[in-house]
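Per-chain numbering from 1; labels A, B, C and D assigned in written order.
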Amino acid sequence: MLIRLGYDIQFEIDAPVTIVAMLKVHPSRRHDLQEPDSMQVEPAVAATEYADLFGNICTRFVAPAGRLRLSSSAVITDSGEPDAVNPDAAELPVAELPSETLRFLLPSRFCEVDLLSNTAVELFGGIPRGWPRVQAICDWVHDKVTFSYPQARQTRTALDVYTERVGVCRDFQHLAITYCRALNIPARYVTGYLGDIGIPPVQCPMDFSAWFEAFLDGRWWTFDARHDIPRIGRVLIATGLDATDVAITTSFGCARLAHFTVTTDEVVLEGATGRTRT
Amino acid sequence: MLIRLGYDIQFEIDAPVTIVAMLKVHPSRRHDLQEPDSMQVEPAVAATEYADLFGNICTRFVAPAGRLRLSSSAVITDSGEPDAVNPDAAELPVAELPSETLRFLLPSRFCEVDLLSNTAVELFGGIPRGWPRVQAICDWVHDKVTFSYPQARQTRTALDVYTERVGVCRDFQHLAITYCRALNIPARYVTGYLGDIGIPPVQCPMDFSAWFEAFLDGRWWTFDARHDIPRIGRVLIATGLDATDVAITTSFGCARLAHFTVTTDEVVLEGATGRTRT
Amino acid sequence: MLIRLGYDIQFEIDAPVTIVAMLKVHPSRRHDLQEPDSMQVEPAVAATEYADLFGNICTRFVAPAGRLRLSSSAVITDSGEPDAVNPDAAELPVAELPSETLRFLLPSRFCEVDLLSNTAVELFGGIPRGWPRVQAICDWVHDKVTFSYPQARQTRTALDVYTERVGVCRDFQHLAITYCRALNIPARYVTGYLGDIGIPPVQCPMDFSAWFEAFLDGRWWTFDARHDIPRIGRVLIATGLDATDVAITTSFGCARLAHFTVTTDEVVLEGATGRTRT
Amino acid sequence: MLIRLGYDIQFEIDAPVTIVAMLKVHPSRRHDLQEPDSMQVEPAVAATEYADLFGNICTRFVAPAGRLRLSSSAVITDSGEPDAVNPDAAELPVAELPSETLRFLLPSRFCEVDLLSNTAVELFGGIPRGWPRVQAICDWVHDKVTFSYPQARQTRTALDVYTERVGVCRDFQHLAITYCRALNIPARYVTGYLGDIGIPPVQCPMDFSAWFEAFLDGRWWTFDARHDIPRIGRVLIATGLDATDVAITTSFGCARLAHFTVTTDEVVLEGATGRTRT
């Protein structure tokens, strides 16, 4: 399957400001791109790329005053398969976890593992370890938390999600990640592209999406406490401890969002049968 | 100056547990060691070393049930100079900051930059940028927060320190770090050895100490909101976003601390004049 | 001046639910009513009235399943004078405060006096005591907090307002009340009618309003950190420690708000000159 | 049974300060006193008594600089019976609750009912209503929270108790009260005398104690999530929404506690058999 990826993000900027964008497809998927997903910056500015602590590709530049536009359009090859499901994937005992996964057991800004560890054990301690336990976490979060764009809040933490039971994508994942870590299952936050491929078209503003990965059986697996069903066509952009690490754009100064569209569409070839998205 | 470093940390352990210790002198100071600071683990266990995300050296092993003892003794060469003071050290505009410092502008578990940014601007926005501003932050935290071992709390965040005005070393640094980051000054948390060299002997339990580093004029500088005076003989062990990243030991299971001593003493040579510590 | 007061509040109710409404004009203003402000409940139910801990009149009934409508229309005589301003009103030392005002110095659900006392002293400790200090508190809150209906949140406390700097009426008052109490000035939360009398018509949904009262010079004075200018035509409904005590309606079970209008209009007599509101 | 009640509380005071003491036996028990429990204040000061919002007797005075001593000794008649246990006590539907109990369903400073309502329903929604449900709440809190004097903290709320699982008397009761209210069971905080009568002598500093009352079957019943067993000889001093309302002493300024003893001993008559406390 081919998926067209793209975005058009525009800011109004009053004074020159440093911006870090995390908008490149993750190195792990770069070989699937049919063409590089180069970011167009208008007006043209000198930009530099670097890999952050977690290996995500960041693009950094100083935006001048005025309207700034970041855009891209690329096509990526995808298996077309839904997220892998493997109920037999086992938890590794901490003693066998790779060292690079250990940080993903600890608290972070939006994931207060220390404050919710008892809750995690009480809710999920009786569920069989491994995949079923992570799935039970996703089910719980999905069932108990109500999705609400109007109630989005940049400062909401996992504990806030636990008490308020409302949130957007990121909030669902933060709570699920926190539960996993509390149970000694490494979990990391993911941001990426996720279109409505293979599901009925969704009448809501397209956005980048958040999900998470849990480390079972020696590898990272995709989970999504927001949707809680396997989905087709996720394209990973960045991973980190939580949303702090993988903001799509971080402005070190004032930049007002003025336009925002994201494209994640299956490319339907002419003559082919199938749904066409326009 | 020569400084003897050492520790003797003992745990009671009921069932085998994975422990990660961050007890090796930081790579940046390793060349100053007269002998490697090897960690003795009793009973002997197979341990592996790895560098974490921030380049700190971690020692990882599975501790068996029973008494566990971690100890070390080493001698390190030190300049004997107090912490450098450079009132002319300027802030770099964000645009000129090295990319690897940018993460140290963002929130972390114990440093809610997002929640204290207005406070930081209100308190310090009028202070000249650069060294004087960081120094004003340290002075404020030192003056407003009361040191209290009995009121230590593992879950206390910078916002808690701001409201409660009480804490231990780590709490002082967390609040100062949060203020720095809110003002676009990269700041990172440090744990290390700090004895009472050059000051009157302190009648309190020796412990590892926490301080922080702020990035000014192209390099990291030592600051310490707890003591707020230049000190002699700091030996860096690890740096990270906050205390989460640089715990001396992290046990992924139950390990009860049973004994804890830390040594950080000037080595006074025979025949030399000067203070002798015994 | 005559002011027409009224409301039309409708709920959808699935199962019988106990509702407590605090919708009667406060006893202190009852003598100004030209006609009693009786609450119409449709469908008719048996309702009882009682005075709560603070002397507010509560109406209590069990609403049946279906649509519930609460409405009222009354006319009240008002001085037409703006809120009294008395820069000479002095603070009473705590020793001279009436005993019944002392509870209004302590924390409550949304006013964490204990957490913001240092901040209050640091911000306002240097302002002359009495009226100027309360006015400085109102000015600060008015200047620093941004009004935003979309970001309203029922669980936002004064500390949250302090860190987030955004809120609706109640949030402004909660923070101001907290500061007053921290400085030993009794302060209580008020809910009531406040129309746009004497000011240009406001293009926003009419609602009940919140303000607060501070105890100076032996009596309670009206302050309003949200608007921060003297206003004409406030009609007090209820006072309490904070918004918890004076919710317009409290449903002990599920009741979905389906319609909400509030009227607070100057009655302009025929033949009179002046603005006519329709 | 006769119980000797008393206290000796001393403060060091730098400058005259208003103090409100809540140290008189509650009006509901006053008729059981063999002699009035008059409070001695040294040095002698003019004190006034008043009843607060909840009917508790408060003593108010201005303490001069120097050492202040509050003391009392009285004897009270007690049934000698342990706390009543009535597993058949039913919950009243909210519609049948007396109006004066309704405020005890709402949040207060230390009882964030709004934040823990889902947790309460998830934990206890399946337990039969009435006495068994309140008992299940007490059992849960008693089992999950660890008592620790050194970790006492004046600002700890019910949510903090829920996440930290540690606390002193007041913390246990705050969490239990919060759960009760979330389940529409009125609950109020109590402070009073509780000695180790009928149980083995306890080797810990005597203090006033906190417990709570839940409203079932038309009356208030004693519950104690800290001890979670019926106890003999409780003597009620004050009730309120939470600890904010019923502090033993509130100083509106600085007063350093210098001495604190509380006596709650069974009076064993000469010639009688039985335990003698000295």
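By definition in this document, contacts are C-beta pairs under 8 Å (C-beta built on N, C-alpha and C of every residue); 3 or more make two chains touch, one makes a residue touch a chain.
Keep in mind that this is a model prediction, so the values were computed, not measured.
For B-C, the equivalent interface among the listed pairs A-D, A-B or B-D is A-D, as over half of the contact pairs agree by residue number. Chain pair with the larger contact count among A-C and C-D is C-D, by C-beta pairs in contact.
The most distant chain from subunit D, with centres taken as the mean of CA atoms, is A. Subunit C and subunit D have centres, each the mean of its CA atoms, that are 32 Å apart.
Measuring from the averaged C-alpha position of subunit A to that of subunit C gives a distance of 43 Å. Distance between chain centres (mean CA atoms), subunit A to subunit D: 49 Å.
In subunit A, the residues that reach two or more other chains under the touch definition are 112, 115, 155, 163-164. Across the interface of their complex, subunit C is touched by residues 16, 18, 20, 48, 50, 52-54, 58, 60, 62, 93-95, 99-100, 102-103, 105-109, 111-112, 114-115, 154-155, 184, 244-245, 250, 252-253 of subunit D. Subunit A meets subunit D in the complex at residues 112, 115-116, 118-119, 144, 159, 163-165. Subunit D meets subunit B in the complex at residues 150-151, 153, 155, 163-164.
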